[in-house]
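Per-chain residue numbering starts at 1, and chain names A, B and C are given in the order in which the chains are listed.
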Amino acid sequence: MRKYAVVYRSVLMENIQYAANIAMGFFNYFVFIFIFIKLWEYMYRTPGELIAGYTKEQMIWYVMMTEMILFGSNAGSVAGEAAGDIRSGNIAYLINKPYHYTLYLLTKYTGEWSIRLPMYAALAAVIGRVMVGPVPGFRLTAVWAMALCVILGLTINAVFKLCISLISFWIEDATPFQWLYDKLILVVGVIFPVEIFPKTLQPLFKLTPIYTVCYGPAKLIVDFSREKCLEILAAQLLYLAAGGGLMFLIYRKGAKKLYVNGG
Amino acid sequence: MSTAVKNQLRVCLLSVQYNIMREMVNKVTFLTSVGFMVLNNAAILAQWFILLRLREDVGGYTMREIMLLWGLTAASFGLAHILFARAFSLPELIIGGKLDAYLVQPKNVLVSVITSSTSVSAIGDFLYGILLMGLCGLGLREWLLALLFTVTGTVIFTAFALLLGSVSFWFLRMDMLEGQVVMGMVSFATYPDGIFEGVSRYLLYFVVPVGMAVYDPVHVLVSFDAAMLLRVLGYAVLLTAVSAAAFYRGLRRYASGSLMGARV
Amino acid sequence: MQAIRVENLSKTFRVRKKEKGMAGSFKAVLHPQTEEIRAVDGVSFAVEEGEMLAFIGPNGAGKSTTIKMLTGILYPDGGRIEVLGVDPTKKRRQLAYLIGTVFGQKEQLWTHLTPYDNFRFSGAVYDLSERETEERIEELSERFELGGFINTPVRNLSLGQRIRCEIVASLIHKPKVLFLDEPTIGLDPVVKENIRLLIMQMNREEHTTIFLTSHDVGDIEKLCRRIIIVNAGQIVLDDSVEHLKRRYPDKRAEKMQTFESPAGHVEPSAIPLEEIIMEIYKSEGRDVSP
């Protein structure tokens, strides 16, 4: 375990260096949120109106939270690194290191979001307070449960994105599959809460990782209840176990193939 | 002068041809990239079906205008990344010292650099854009306008990226600026301008050139306005001149990777 | 006539500093510290047309920075450059027609294409007509013996074959001055020797001026009459290879033979050039001549 702690620490240090660079990403986060504030201001005609059961403030806070998870974790870079290592053949050297490659990447990822997420959370809080107003019915006492859900959510996201990257063992370029996964998360989980979709589709969406990656944690922040929290946590643990298992499996198969082909 | 231009064009065409040949080496990868990018873009239409179910227009745009907006943005962005992909990753070349090869050629450095690579997925963007505009039922005159605006949009996107990328000549740490702002610009370019008003509208015309690149062209396509058309053309020329000037000014500060060893 | 003339050339880079550890990381964010490095510091020299010159120095001495200023890649902070009467800072494109460059560590070819396609591209870059290009390719591929692999994609070639192609690509327009930045790096001794012979042949037949940087003493001894050594951005030595050996006698031999040697006459040194150069590098710019 200690070696992972060392990896974590050095990534953390490196990322402090890049704090200014990370803050450059604020621009895009702000652009996204700004567009959505304008969009929902246009869509909600009367104050107090409900769309899919959400007030305007809740709707905007929902997007702010889902985008915070995506921007604050940046799972794309960890997935990109894995795909790059495999494609360049670099993986042959990393595979024999005294750590598990995927866990090493996830540790790096954790080191990265440990800096990024708090930065984005602070930004979201500021933008939200200034441009939207406080979250209706936000409970400070439940903040730890929310944080836990967010962290689990972004870890699950990274695990799934890593799984897709690991397909690079078999096909030359897995990026197109990353796009589709990202788009699915974006359209179904990030910009709208699931409730906005036709009733017939909703149960289907709740089965996808979207429910545990974005929708769950964001819903909890916008509209907290103890039962919902336990339900989401349970689903997340289930998904983490399944996704993690899948990741180890794909990696083992891929690594074996690598040995057969001699790298 | 005209032979110089001809020679330059010959090199550019050869360069684009070689770039595409490089990407075509693996046909399966090439086709999945293009095809998935079309799908990827098409997925976003779901968002508009949802929004237009809630209200009959969004910022004054119905589905047809949304499709024109998306079509123009995707086609311009796509064409810019097919022909001038390197303009969008300039900081990497500047900081990594990868401009050397272009500087020892007796050709226009700027043109050689920006045409030196291509993006395959951009072909998907471009096809998607054309396809989407095709679904809008444009007449001949509108088609000609749409193609003209695809070109001006390409020029504006590329020139703006070039301008931002050139900042890296002065500030090494601004290497993320270009990617960030271009991404933000594309975000704006895929939402109706009707939802923005006041200061933000002003910014979209004068700071991030989304207004000139896509909003005005969509308005001209919906109802023709010669003054607006001329404004777009003039802006494209002006922005190109400013960006090229910034690039050449910055080139004097180019360090050719000599800093790499010393950088912490 | 002089092919290259450089007067008081200088270039300064600014780099960021960071102290070690977590605290250093924080400090670097809050108060970025920069440091000026004078990569090239008042360098002056001239090269005659048809000359073969070795421009050497330890890593970070300013060799590459100088070569890049001469070829128009870097913009100097001060001083004057004339290559074949052209100022690279003012007439970069005009200069490019006259010179050729080979950077051993930087790929200039398209790796997915064959050498032949690459040369055709070079031909287009230098405005040669299709026919001129074909003729030149034929001539050079014969001389550099590329026949066996001229239609094999560059990425499938060995390093030795690749560097030969790099050199051919840079010669397509018959440059008058050829800049070679570590052309033999990473090559095996046989290929190295082969490359040197080709360079020598070209110098003889086309009267091409050769400006060479290399860490390989073999390159220098076999190719160059004259040697310039830079260290910390300044020229510490500018001499003929022959004379350098003479004025740097073998100290070991000196000790043994003091009594036998007639005073005032020094035999050419018996120590290898490599050791002499190493000695000069270590002395960090002080004049080492006895």
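In this section, contacts are C-beta pairs under 8 Å (C-beta built on N, C-alpha and C of every residue); 3 or more make two chains touch, one makes a residue touch a chain.
Remember, it's a predicted structure, so these values are computed and weren't measured experimentally.
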Closest chain to global C-alpha mean, per-chain Cα centroids: B
Relative to subunit A, chain with the most remote C-alpha centre: C
Subunit B-subunit C separation of Cα centroids, rounded to whole Å: 40
For subunit A paired with subunit C, centre-to-centre distance based on mean C-alpha positions, whole Å: 50
Whole-Å separation of chain centres (CA-atom averages), subunit A against subunit B: 28
Of all residues in subunit C, the ones touching two or more other chains: 18, 28
Where subunit B touches two or more other chains, by residue: none
Of all residues in subunit A, the ones touching two or more other chains: 20
Subunit A partner contacts - residues on subunit B that touch it in the complex: 26, 28-29, 32-33, 35-37, 39-40, 43-44, 46-47, 50-51, 54-55, 58-59, 121, 173-177, 180-181, 183-184, 187-188, 191, 194-196, 200
Subunit C residues within the subunit B interface of the complex: 13, 15-18, 28, 37, 39, 59-60, 64-65, 68, 71-75, 92-97, 99, 101, 103, 106, 108, 110, 112-113, 117, 120-121, 124-127
Subunit A to subunit B touching residues, read off their complex: 20-21, 24-25, 27-28, 31-32, 34-35, 38-39, 41-43, 45, 51, 171-173, 175-177, 179-180, 183-184, 187, 191-192, 196-197
Residue numbers on subunit B that touch subunit C, as the complex places them: 3, 7, 10-11, 14-15, 18, 21-22, 25, 99-101, 103-107, 109, 251-256, 258-259, 261-264
